[in-house]
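One chain, chain A, links the two complexes that follow: it is found with chain B in the first and with chain C in the second.
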Partner chain A sequence: MNLILKVWRQKDARDKGRLETYEARNISEHMSFLEMLDVVNEQLVGEGVDPIHFDHDCREGICGTCSLVINGSPHGHQKATTTCQLHMRHFKDGETIYIEPFRAKAFPVIKDLVVDRSAFDRIMQAGGFVSVNTGGVPDANAIPIPKEDADKAMDAAACIGCGACVAACKNASAMLFVGAKVSQFAHLPQGKVEREKRARAMVSQMDSEGFGNCTNYYECEAVCPKEIKVEVIAKMNREYFRAATTKI
Partner chain B sequence: MSTLSTLKQPASLPAHLTQTSVGKKILTAVTGFIAFGFVFGHMVGNLQVLIGQDQYNTYAETLQGLGALLWVIRGFLLLAFGIHIWLGIQLKLENWAARPVAYKNETTQQASLASRTMIWTGLIVVSFVIYHLLHFTVRTTNPEYADLTDSLGRVDVHSMVVLGFSSYLISAFYLLSVGLLCYHLSHGVASMFQSLGLNSPKWQKRLDVLAWLAAIVLFAGYAAVPVAVMLKLVSLPGGGI
Partner chain C sequence: MKLDAKTPSGPIADKWEKHKFDMKLVNPANKRKYKAIVVGSGLAGGSAAASLAELGYNVDCFCFQDSPRRAHSIAAQGGINAAKNYQNDGDSVYRLFYDTVKGGDFRSREANVHRLAEVSVNIIDQCVAQGVPFAREYGGLLSNRSFGGAQVSRTFYARGQTGQQLLLGAYSALSRQVGLGNVKMYPRTEMLDVVLVDGHAKGIVVRNLATGKVSSHAADAVVLATGGYGNVFYLSTNAMACNVTAAFRAYKKGAAFANPCYTQIHPTCIPVSGDYQSKLTLMSESLRNDGRIWVPKAEGEKRAAGDIPEAERDYYLERKYPSFGNLAPRDISSRSAKEVCDEGRGVGDTGFGVYLDFADAIGRLGEPVIRERYGNLFDMYERITGENPYKTPMRIYPASHYTMGGLWVDYNLESNIPGLFVIGEANFSDHGANRLGASALMQGLADGYFVLPYTIGDYFARVGAKNIQPDGAEFKEVEKAVEERTRKMLSINGSRSVDSFHKELGKIMWENCGMGRNKQGLEKALQEIPALRERFWKDVKVLGDNSEMNLSLENAGRVADFLEFGEMMCLDALDREESCGAHFREEYQTEEGEALRNDKKYSYVAAWEYQGNDKRPALHKENLEFEFVKLATRSYK
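This part shows the complex of A and B:
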């Protein structure tokens, strides 16, 4: 299949950037979206043009490195799919495809389609962990956890931290991400010990990074490749209120 | 928890509610809930116009008879509305700043039009409320309303409402504003529960339906008064307008 690509090109963080048009020729429908870009890049290198820069790593849909806003939707319009797992058979021959970087003040563009998502790392460093003192490993069944709680924690922990929620949110809010991280711990006894400190620290860090506020559009939920539900945001709101009314 | 974060965190509950993104959401929901309570109560009060002049004037006199308490209630409502509006504007400005470069090809996945126009429907309703107060409460626009009295010598708010809504322009502006208010609430009511953390996948659909039901009931209740006046189902005691 042949496609027309409108790709965001930006030399560096200071460059204004613009959409450039490229042709992708003889693309197999079995290719992933990133493989299609690899083919285009081969062609560009052959022509002496700087290849299109984009983030990628595992290409198995589990690492959260790939990004891209494809035709206005982070990771493309295919539900519950990362860009690396998006196949070209979902596009039509001759189609024009817009490819833009994740847009947020907190995710500045480094080059072309590559954005700096280290704001997420700093939120995790602020409270996205359980403090562990070294010592003997307890028996697996020493702390009973109800199945429902374990399920909710696992659902939240499915978040791969790709940032599609921020890219989709019309306010560039990071609350689905932070909600998932706060929830995955808040449902488990190990995480409950530090729940108040965690909610405060992670929300403070999120605010300081310049993300927008949640106004309950639920765009994040619609694009999340791991189908994280907005109930994690409701959970975070409860956790935060609890933290705000508790003396630490 | 040994955190790498050295950020200063709010020290009191009011600070948490006014300085953090999550706190501001919670405060917006709480003040929105108070405003919703007023909107509902005001509708029930208004509908007494349809019962008749005596009923409505008695109701108005009872409210005025509250004296100091009336001013406490007014102050409380003004504070709640003020905080709601202030936070709404502040959050919107922050949200615009959070995405300095727009997408060339932007799409919407599932956000309702009501949710995306909250600031505009809200601000139009505010401008209407200011006019509405000048019209019926302070009577700056129509000082002659103050001279209306009924047969018992009470202030005749019933006739004031009938005269007010006899103007097609005023009735049309009223219907438009109330319509926008209800549209605002079709998102706001469901959003309120989510912001307070009272939501789950099971309840999300139900809350959306509840919000729309509330919006429709309120619109019907508010629209009934001007529509009844325009259809002459409610008229001045002498029958003439």
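This part shows the complex of A and C:
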């Protein structure tokens, strides 16, 4: 198939950026979306045009590196699918596809479609951990954990930290991302010891990074490639409320 | 070069304890005077950086991804082994040790493997304490599954995302130390060379991938945790950016490279569908429990799978290995698939695929049971191929997956360059000529959490804190060389893209140094690779400049290293005139077509030493002694 691409090009953070039009020719329906971009990039290099820069690594939907807003939706319109797992059979011959970066104040563009998501790392550094050092921990089976709790913790822990939730949200809120980590620990006895400190530290870092508030649009849940549920936000709010009413 | 493995004396089960006591310690108040550079933030690097910082050392940690959480370890699916014997099924440290030495086809160092089995139990405790949500039984205790090459259930898992959860555990420990100011994290930063001062590794030169800026970093020791080199084949199950650069640059600075030809080809991956293909996706080995593998009996068969009658199908694994059948080990299954495809009986558009058929299992157990067992894998398969595996058989083909070879290290995980430590998949240490499933995650975390933090302390205590600054002549010289090389790549302005060279190299490697190798093919590859490399340096086209993010330039550097490294792999494969584990030399097989080891001549680690560009590297041998596990031939008939 042949496609028209409208791709966001931006030389660096200072550049204003604009949409450029490219043709993607002879695209097989078996290609992944990123393989389609590889083909276009080979073409561009041949013509002496700087290839389109985009982030990617594992190409199997687990590392959270790939991003892209495709036709207005982070990771495209296919449910529970990252951009790298989206295949061209979902597009039609002759279609025009808009490709833009994940946009948010806290995710500045580095180049073209590549954005800086290090704000997520800083939130984790503020409290996304259990404070144990290597060694000297109890036997793994010393604390039984009910299967349902372990399963719920795992549901939340499936987050790949891609940032689609932020890109989809009108307020650029990071609540789904932060909520997923807070919930994972809130379901486990290991996480309960530091629950107040964690909720407070992560939320305060999230605010200072410039992420917006959640006003219940639930766009985040709709685009999440790992189907993290908005319940994690409610859980986080409860944890935060608990922390706010607990003396340090 | 003298290779001293520094294996401690004494009974195998006491070696590590004794060694821990014999090693020198750095007193707690002095630890802050030492700095370690850790390159890599995967299971090995992430766990090492966090643990060293917890001990009180200063740590600088580097990775090329935009976040340490995205290292390739994230993609591991199946699980992690540990000799906990929670299932009361006869497992023990000794059994895990034994299975690993045997699985590695007697080409690993016994003492290292025993230590790995010993600390495996601590890993699970550590991860649980961090909040890693392993699968549990209804009683609340941890659940296990069994994996290839073992008769006990010792594999711990977190759904199909074990690597992700373990890495996020290490990442959380690392993040905590970054937050405390004990680790300085440099994401999107690629190490391009090691710097030696007075013969010791004391720093690295890096390029900031967002700005192009080249800079030097100094420390008291350098740890490489930079992963495997499976992408030398271009197509592999590795992430796109996995590469050999860090290890290869260290090799060029004098570190020996061990067993480069030991590469694991995983039998069950989704086949290549066209020239545009950028990577291959693994389908968990567990599918072979219920799927039957077959190809048509006739060459050039064009009918759809469902239209081929039973009598015209060849269930070749069941035919050749009646007792193991579809569950034959990885190397044997992979080679058999290649054989039938080479005979022209492969399936799919390209002819490089075999069927993995669930029709019988669905008939016997019903679709709901199969959905319950493999639903997520079937969905993934359908997402990628557009075919429904409940209705038509899956098509699978082997793909490059893991590399057992790596930089040579002694028992302390230190290379032959003092102060240069190598951990995780980047070293050669524990898996011999073949790795068992669920053992790579174990090794990465064993090295990072429980081995390196001790052995690096001994090095520090012996040499003392040097407070080296990154502005000495040694650093400037390496920086200059790095910049020169970059400039050269940008100035060629030829006619071919970087990827086109990588693909061509991958093809040469896959055909001649892949699942089956022979003298003639390897010699051909040894002609073709240098010629390709020459063309690369004359005709590659790298656009853009060095003062901005430049993905083609990054890639060009990695491919240039693969173009040299591939040659060393072929040399190693040519030199090893035997078949062992994943290294199958077609000339050396039994009458039944099985691998034929030659213990008398080849029971050694082949460690290659750089001798200069375009010169044949020197081969050094570390002899392997098997004191505890008896040498035997593997049989799966």
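General observations
Heads up, the rule we're going with is that the second predicted complex is superposed on the first by the 245 of 248 C-alpha atoms of A that agree within 3 Å, B and C clash if a C-alpha of one lies under 4 Å from a C-alpha of the other, contacts with A are read in each partner's own complex, and residues count from 1 in each chain.
Following the convention adopted for this analysis, contacts are C-beta pairs under 8 Å (C-beta built on N, C-alpha and C of every residue); 3 or more make two chains touch, one makes a residue touch a chain.
This one's a predicted model, so the numbers in the text were calculated from it and none came from an experiment.
When the two structures are aligned on the shared chain, A:Gln184 is found in touch with chain C, with no touch to chain B.
Look at A:His75: by the touch rule set out above, it reaches neither chain B nor chain C. Legend: residue contacts after superposition of the two complexes on their common chain; A:Gly64 is shown touching chain C, with no touch to chain B. In the overlay built on the shared chain, the residue A:Gln125 is in contact with chain B and with chain C. Once the two complexes are laid over each other on the shared chain, residue contacts for A:Gly46 go to chain C alone; chain B is not touched. Of the two partner chains placed around the shared chain by superposition, chain C is the only one that A:Asp116 touches, whereas chain B remains out of contact.
Looking at chain A, you'll find residues 125-127, 131 touch chain B in one structure and chain C in the other. Those residues of chain A that touch chain B in the shared complex are 6, 8, 17, 19, 69, 71-73, 98, 100, 103-106, 122, 125-127, 131, 168, 170-173, 175, 194, 197-198, 200-201, 203-208, 210-219, 221-223, 229-231, 233-238, 240-241, 244-245. Of all residues in chain A, those touching chain C in their complex are 11-12, 28-32, 34-35, 38-39, 42, 45-46, 48-51, 53, 55-60, 62-65, 81, 85, 87, 89, 110-111, 114, 116-118, 120-121, 124-135, 137-141, 143-147, 150-151, 153-154, 157-158, 160-161, 184-185, 188, 190-191.
On the side of chain B, the complex with chain A involves touching residues 1-5, 7, 9-10, 13, 16-17, 20-26, 91, 94-95, 97-111, 115-116, 118, 187, 190-191, 194-201, 204. In the complex of the two chains, the chain C residues touching chain A come out as 47, 50-51, 54, 65-70, 72, 74-75, 84, 86, 122, 124-131, 133-142, 158-159, 161, 164-165, 168, 171-173, 175-176, 178-179, 185, 187, 210, 239-241, 273-274, 276-279, 281-282, 383-386, 449-450, 453, 497, 499-500, 541, 543-544, 548-549, 551-552.
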